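Below you'll find the structures, each written out as structure tokens.
Across the two complexes that follow, subunit A remains constant while its partner is subunit B and subsequently subunit C.
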Partner chain A sequence: MLKVLDSAVPIACWSCAVAHNESTLFCPHCSKIQPPPGADYYSVFSLEPRLTLDLGMLEHQFHKLSRKLHPDRFARATPEEKDWSLADTALLNDAYRTLRDPIRRTEYLLKLHGAEIGEEHSGKGRTDPSRVPADLLEEVFDLNMQLEEMRAAKKMGEEDPDLKQSLTEAKKKFDGLLDDVDNDLRTQWTAWDDGDASARSAAQKTMLALLDRRRYLDNLVRDVNETLGAN
Partner chain B sequence: MAYSDKVVDHYNNPRNVGTLDKSSSEVGTGLVGAPECGDVMRLQIRVNPETQVIEEAKFKTFGCGSAIASSSLATEWIKGRTVDDAMAIKNTDIVKELSLPPVKIHCSVLAEDAIRAAIGDWKKKNGVAEAAPAATATAQ
Partner chain C sequence: MAEGRVVGIDLGTTNSLVAYMQGDAPVVIPGVDGSNLVPSIVALDPIPASGGRPTVTVGNSARRVLIETPERVIYSVKRLMGRSLDEVRDELKFFPFRLADDVEAGEVPRVQLGELRFTPPEISAYILRQLKRNAERFFGEPVTQAVITVPAYFNDAQRQATKDAGRMAGLEVLRLVNEPTAAALAYGLDRAKEGTIAVYDLGGGTFDISILKLRDGIFEVQSTNGDTHLGGDDIDNLLLAIALDEIHSEHGVDLRTQPGAVQGLRKDAIDAKISLSSESSAKFDIELPNGDRYQREIPREVFEQLIEPVLNRTAGPCKQALTDAGITPEQIDEVVLVGGSTRIPSVRRLVDDIFHLSARGKKPHTELNPDEVVALGAAVQADILAGASKTTEEMLLLDVTPLSLGIEALGGVVARIIPRNSTIPASATEHFTTGVDGQTNVAIHVLQGERELAADCRSLARFDLKGIPPMTAGLPRIEVKFLIDADGILHVSAREQRSGKAAEIEVKATYGLTDEQVETMILDSFDHAEEDFAKRLLIEARNEAETILAKVEQARMSPAWGALRGEEQSAIGAAGDRLAAVKAGDDLTAIREATLALDRATHRLAELMMDAAVTTAIRGKTMTAAGEDLGEEVTAPHPMAPAEFK
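Moving on, here comes the complex of A and B:
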């Protein structure tokens, strides 16, 4: 569910017919439930589309809306309203899960602004070489070799303590690199939220590179955890 | 989405997996990665210094079936070719041969990049100029 940021299109409430400009789950005039709005996740919570987000406010809004959408409240409602309460709840949950997570939120908002992220967009053309984290490749490759060795040894019922030690250290290092990336991303959030058009586009480019780097690291840490954890 | 038979074949029975001596002057190593999926691919070639023919090619890929198949196929194709011939291999050739779906095209791009990187490394080691302009235009 990804729609253009446009909450300015007036929608007439099905119940009271008063037009409202908000992509809201409930009519601001008569408080009746509305069909799932086709706008973005931010407007579901009446939040500004920013990367820096007040998570307390988000959670508060989520609980408030969840209560209002509870099926018990629609026990005697029309079939349409019952359906909408379910569809709105699904939308609300998706929106909350996406915005609560700093990485998913960043990817979501950049996608809303036209950035191409993820495997589904990569078939269109050649990979921009600037987006390949070259300094990481060598380490990534070596680590993968060690992981393969470790898995092979495990299959044979053997365990190499040196290899385990080295993997544990590598994991620590990559965990640290992940933290660095997350901190760098947070720095860019401010530039993106508050900057002018050119600052915003520079921040977007930096963030896309950081997200790529993060995906690499994330996959690695996951693989190391799986291999080390399967004891 | 199902993998094509050719991809499955290369995946189950990859050709030329292995390592060549990185420090040898006859060996070129290309290490490339795809940020989209976190795949990493190493492709190595051993070039005959007299004939410039790629006599041996090895790869090791950590990634999805299409990435493994693309690099496996790439090593098969470049073996026996001259360095210049190998440079002519396009990712679209790999896509066609393996019937890769659009979401997996980047795997073939990665394989092409790996070939170029390996050849580039070999050229650098041996002082061969990169992309010799108007290379021996022999009229046929």
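Moving on, here comes the complex of A and C:
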């Protein structure tokens, strides 16, 4: 959740003293830069909080705001304006980085709506065996065996082409499953964006499960890639 | 402070340059010797007979004493910037640096130079001061603000060390710009380009690859990667190692114990490397101390085999950068080559191979001098920052952080909080709490790097959140904000949310100088004083006047003088008399104008002498050598004039 460090956001513009909405980056009256607003990532771009986003539009807005906010534009401004430009641009960049990525965007918006996606869940736990999706138990078990074998073979400096082949195939399969998850997520986006309260809460539940599954698959594919030495 | 000029500086491993925006084009500012490149070499002069602190020389004059007194000279200091004692020890295998013996672990290493000891930022500060002086001499006014370039893959400590060096040299560093991005700016200036470009930058000591998207004047870096330990130096070392080994085994002479001889041999290795970019073979021909001759032919094929492993190390970072940008080689529209090492034909073949260039009918861009392009780009960025310039008002650079930022979590695992290739400035907010009742401190360890374990990443800083109000374990909620600024440098702030109290943080950089230390290392603080500055300018102007008058006197004896028309000769005479009359006075402007007038009057004379020099000089000979053939040392862009005044 985004929280502003400085809770004393002035309601009046520091420069022209005209009162303004405190979630704005610039004074609507005199166009001077304002201290970082307590805004969520969507309102930085003046966007409705929706999961379906026009990325071309987002990029265009990002460039437009960057031109106005970037510290390069304030190299010779007052120390306060310099600080605000830095903080505002960081907020803009963080917002853009989050919103342009479909997965980060989904996690962010669900979190804004009170969903629990704790840090302990977000990919740091690697492949925790207790979270294996039920339908994949058998395959994951086989895959882990093969990964162990492969690592052992590598340690001995041996090449096992058959093992490599079957790992590569497994990777392909799991890559495919990842794509399926992404497609399923996209389907839920519309339900969440346009549905009524009950449709939205159902979509949210489905997406949280999909995100869990996705994180699990993602870590698995990363393990396979590392073991295969693809990266 | 007066809104002076902002210059762009390329603080390189091998050479450094300073450039500025002249109208709508960036140009490099030459030094007193007329050369655009200032070798990044610093020498400590012998202690003066009268006692006192010895003076420091930089550039070509420092290079000249490298062979006679290697223990008083340092080069490639960029490799040591922001590095720990252990990391520096690795460097010492290949470089004749001598560390001060009293440095303790955790301290910034110091290099022994003659009788004195310097930290790497201090050495770099001497180079920066030289560039600053060159610019001041050129403009005739103080220069206090600069943009300095750094390798894109420099970490936080290396960036901070570079900024510290700027401050020691009396420069306010308005921005650190990544070298490949600067090169892209220099290339992107003259054409309204759109598309995706890759900048392959193989310099003296570092390798960078950056992928950028250009659109409507916005240069948005997509990804960057590199190796801060890979460059032309490594190629020199390979050739040097061969020569040292063979001299030892074939002639029984171990030159390794003679630093001066090693430096001489290194110079031969560099010459051989350079000539192999255009010739099919090069030769070592060296007289040894025992009277033997070491002669060795190096065909280009052998050279290419030798350096292949070094060059191949650039392929991995290129592929990773492509993956991180989410594109294939075919989606790269243009490739720009930067750094002297990209003159090597096999480097160009490798680049062609990585980006499938010739297969797509494309060629890499090499139009701008690869030694100068970074400085030119820095000047463009300086112009953007100075503002109010029509040429650059539409341009904006959006760069990224090269390395992920993380904090050490339980079990020594790194929790990533800002991923690599995030556009900077970037921030992340993390929450911490206490594990024991009444605990008032929480320790946080910040790291930079891509590995899973804290022990494998670069430690940036450790700090304690202090003054947490005593509460039940787990109850305090401390919000810590990590902010990477536009220079790629980390800032941390924190507050305890339940009490609303800003937690006190003392960020101790794992390696690096404290503010107080930097303060004590500021070079010649008198540099800033206005009257001293005026005095120095006056002295320099007089020296220039003397130089040009002496040269005109000398030129009267040359055949070129006879080729001048009578009125040209008398114009020179009159301008010379005028300069001689004003030069002893205190009127700086009068001396400058008279010098300039004499310079103009001798323009054709200089050209005639240059023609003569060029015809006598053999192909490939330097300006200096050509000047020496004329019986005089070249000190300016043409044989007589001082550097041009603005």
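Odds and ends about this structure:
Rule of thumb we're sticking to: the second predicted complex is superposed on the first by the 201 of 231 C-alpha atoms of A that agree within 3 Å, B and C clash if a C-alpha of one lies under 4 Å from a C-alpha of the other, contacts with A are read in each partner's own complex, and residues count from 1 in each chain.
Please note the rule applied: a residue touches a chain if its C-beta (ideal position, glycine included) is under 8 Å from a C-beta of that chain, and two chains touch if they have at least 3 such contacts.
Predicted model, so just to flag it, every value in this text is computed and none were measured.
In the superposition on chain A, A:48 contacts neither subunit B nor subunit C.
Once the two complexes are laid over each other on the shared chain, residue contacts for A:212 go to subunit B alone; subunit C is not touched. Shared-chain residue A:179: touches no atom of subunit B or subunit C. In the overlay built on the shared chain, the residue A:169 is in contact with neither subunit B nor subunit C. Once the two complexes are overlaid on the shared chain, A:96 sits against subunit C while remaining clear of subunit B. In the superposition on chain A, A:75 makes contact with subunit C only, not with subunit B. Within the superposed three-chain model, A:138 lies in touch with subunit B and out of touch with subunit C [touch as defined at top]. Touched by subunit B in one complex and by subunit C in the other are residues 119 of subunit A. Those residues of subunit A that touch subunit B in the complex are listed here as 118-123, 126-127, 131-133, 136-138, 140-141, 144-145, 148, 212-213, 215-216, 218-220. Taken together, the subunit C residues at the contact with subunit A in this complex read 3, 6, 174-175, 215-216, 218, 220, 320, 323, 381, 384-387, 396-398, 409, 413, 415, 422-429, 479, 481, 483-486, 493, 495. The part of subunit B that touches subunit A in the complex is made up of residues 31-38, 40, 42, 60, 62, 102-106, 109-110, 113. Subunit A meets subunit C in the complex at residues 2-3, 5, 63, 66-67, 70-73, 75-76, 86-87, 89-91, 93-94, 96-97, 119, 124, 231.
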